[in-house]
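Structures are listed in the sections that come next.
Two complexes come next, and they have one chain in common, chain A, joined by chain B in the first and chain C in the second.
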Partner chain A sequence: MRHKNKFVLLASLLAVAGGVGSNVALADQSTDAIAKYREMIADGNPSELFAAQGEDLWKTKRGPKNASLEKCDLGLGAGVVKGASAKLPRFFKDTGKVQDLEIRLMTCMETLQGIDPKTVVNEQFLKGEREKMAALVAYIVTESNGDKINIDMKPAEMKKMYELGKMAFFYRSGPMDFACSTCHGDTDKRIRLQDLPDLRSHKGAAAGWGSWPAYRVSNGQFWTMQHRLNDCYRQQRTAEPIYGSDVTIALSVYLAATAKGGTVLTPGLKR
Partner chain B sequence: MKKFSIIATLLVASSGAFAADEALYSEFKDMIDRSFKTTGIAAKHRMYQLDFQKECSSEKPLSAKALKAIEADQLKTIRYPADGKYSSGNWKEGEKIALSGRGLTWTDKTPYDNGGGCYNCHQMSHKELAYGTIGPSLADWGKIRGSGADNVKYTWGKIYNAKAFNGCSNMPRNGDSDILTEQQIKHLMAYLLEPESPVNKK
Partner chain C sequence: MGNPMKIRAASKDGVTEVKVLISHEMETGQRKDSAGAVVPAWWIKELTAKHNDKIVLTSEIGSSVSKNPYLAFKFKGGAKGDKIVVTWVDNKGDTRTDEAAIA
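On to the complex of A and B.
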């Protein structure tokens, strides 16, 4: 009960900060992102609830094979969660593919638990297996909070994904002729009152990539990076990107490589 | 002899790079093709580019010459109001259209009935503070630019197809791309040009 009250209070405080604060932020662009983040989570980050669920799920035996995910290799060896998401996406030899956190989790769910990836891919955000995915993600990214963004760009497959992601970033199409670069290709721009990071630059990418996945105070939802990208494509008025499709991985590699060296502040807290 | 072989090597090297670019681009197109699906009104063919969209997708700005060619093409798409009445709209309706950013996403039910989303990118009314900054401020547009025939025609054309005046503009082609109707553009004209509109009156 106590916990719940605190939670509601925090949410309303943040809602106020999000509304009025946007104006304040305009006047004070130089506010240090990290200091701000620490201040925001000083009283607890609502993502903790999702992360706790995710940790449970990680350890729960599920699926046709009745196994947990505790042997899942997120890139640092079987079962290692700490620091793993700061180094994703990465090239995995066992699948021969570049994978982000969500795709990698689908691989583990399939191989360890026997859960068909389609049950995630064909689901809607915040529902069923995707809701479980979001909880798992919340748990895993919490364990990289404060680390440096450090993806391994040495494999040729990563270099190629970077080039493809960059092309996707500038790819204009659809009825509004938008690309990612329309909204994220310049410094100090905003849409209505929402600040838009310049994702071409190290600073902007570090702030933008490094603070997702995130808890969204405006709707009380936890969004994964796949969800974030999906909603940006919606605003871009393109067709819908398929969950975990290569374009989403390529863009993630482009963003994470541009952000490399920046600080991971996940789960982020957003409007 | 030596000079010749250097040139030959350069040629081979650059055509090699060209072939690599071509191969990467064809991989890119395949990736786009398999990564998207039709959802609701947002059909998959939205991923296939118009010629000028492709030209405007490079990281580097286009040459002045290439931009001029796009602009000349896009200028031909503009349809001026059939009845010649540019400003027969109502600025209050125009304000609603300018404020509304809805339309054409896969969560919208119909491809019609869209907003202009102007406030996503422009300051307009003196009273509305929630404006974006991707485009320039249009506050006092009518007051500063006047309602002479030239500016009236330009304003219409810019709203109808922004690419006619800046080939790779970030601004959508509201008329050419069927985002807004002729009537909606008339309302926006009133909003931007009439002295009584809060765009021009403090």
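On to the complex of A and C.
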């Protein structure tokens, strides 16, 4: 072990001395270390704590109608949670819309519990109803862990959303003229020491879409997909989308369709 | 009274491995909130694990440990069905105890 440490130190010194070219080697080592760390902590993913709260919430009677969410139809029939999130977003006939997990949950909260969706949409992330939403999401995505990403692209509405999502992915905006593709449209890119998946490719999209929602170790927060996408826009220094708006669903459809057949690793564990 | 812990314990060849996931803020007391006020320190200071009634681990931990910490340890002995009891006490005097059976 001691020898290995020496080697790492030596390699880092070389990398610094060698300048830009050798940084790649350093990055590889560091990302290896991150992968090792993930492996170590894999059976202690704190998402479990959020999932446990979410499971309670799913069964708790709440709202003006004093009902639980146990009759919520996530696409596989009323109350079926197992495997549901691997097949989301999907087109729902009852609402006539393409919905992702969070928007579908808002529909259920409105119809079953009588909770106004505005209480979620107008809230901040990690607070109030959104905090409850994150716990529910943690519970539901855990129940699809290991499944294959398999969204139904047959409905015309899904195809439309896919095209819109693709357009949004490459659409540059804001003072930095950034698009999603600026960082996620090339192979072997990284920001600081984080690998950036190429979300245009099946492999990259499966790695990205498949591992969110996730627990972030650095801030101890559980982030839903809506939260993740919102923060991507914030990082682009451009307008942040309204919670659950069409562009967020469209991007999710684009990512999930590109990732189709990949493995669901949710809830993920991130730096 | 904090949120529940997740405890898993498995016995193999006379050695029991215990894995505990703890739900706690673990505030260092060094951070400031958006208004500039110091966020008060709030961390677990003592953690004890028992196998049936026998203490197998005592630890003093503090502000350097992450939020929602994960703890894994092994001890000799322990059979299937035995009870593992984990208790923590934090610097505010709050305490939480959870238990699990060895699988």
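Here is the rule we go by: the second predicted complex is superposed on the first by the 229 of 271 C-alpha atoms of A that agree within 3 Å, B and C clash if a C-alpha of one lies under 4 Å from a C-alpha of the other, contacts with A are read in each partner's own complex, and residues count from 1 in each chain.
By our rule, a contact is a pair of C-beta atoms (placed from the backbone, for glycine too) under 8 Å apart; a residue touches a chain by one contact, two chains touch by 3 or more.
Since the model is a prediction, treat every value here as computed from it, not as a measurement.
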Open item on the list: Taking the superposition on A as described, I'd like to know which of chain B and chain C A:189 touches: first, second, both or neither.
Closed with: first
Open item on the list: Looking at A:267 after the superposition, I want to know if it touches chain B, chain C, both of them or none. Which is it: first, second, both, neither?
Closed with: neither
Open item on the list: On the A-aligned overlay, A:197 touches which partner chain: chain B = first, chain C = second, or both, or neither?
Closed with: neither
TODO: Mind working out whether A:217 is in touch with chain B, chain C, both or neither, as first, second, both or neither?
DONE: second
- [ ] Report for A:43: first if it touches chain B alone, second if chain C alone, otherwise both or neither.
- [x] second
Open item on the list: Contacts for A:245 in the overlay, against chain B (first) and chain C (second): which applies, first, second, both or neither?
Closed with: first
Open item on the list: With both complexes overlaid on chain A, does A:167 touch chain B (first), chain C (second), both or neither?
Closed with: first
Open item on the list: For A:53, using the defined touch cut-off, is the partner it touches chain B, chain C, both, or neither? Pick first, second, both or neither.
Closed with: second
Open item on the list: Tell me which partner touches more residues of chain A in the superposed arrangement, chain B or chain C.
Closed with: B
Open item on the list: Using the superposition on chain A as set up above, list the residues of chain A that contact both chain B and chain C.
Closed with: none
Open item on the list: Please output the residues of chain A touching chain B within their complex, sorted ascending.
Closed with: 23, 160, 163-164, 166-168, 170-179, 182-183, 186, 188-193, 234-235, 237-242, 245-248, 250
Task: chain A-facing residues of chain C, complex - done: 3-4, 6, 8, 19, 21, 23, 66-68, 70, 72
Task: Contact footprint of chain A on chain B as seen in their complex - done: 24-25, 27-28, 31-32, 34-39, 42-49, 53-54, 56-59, 101, 104-107, 119-121, 129-134, 163, 170, 172-173, 177-179
Task: Contacting residues of chain A [partner chain C, same complex] - done: 41, 43-44, 46, 48-49, 52-53, 217, 220
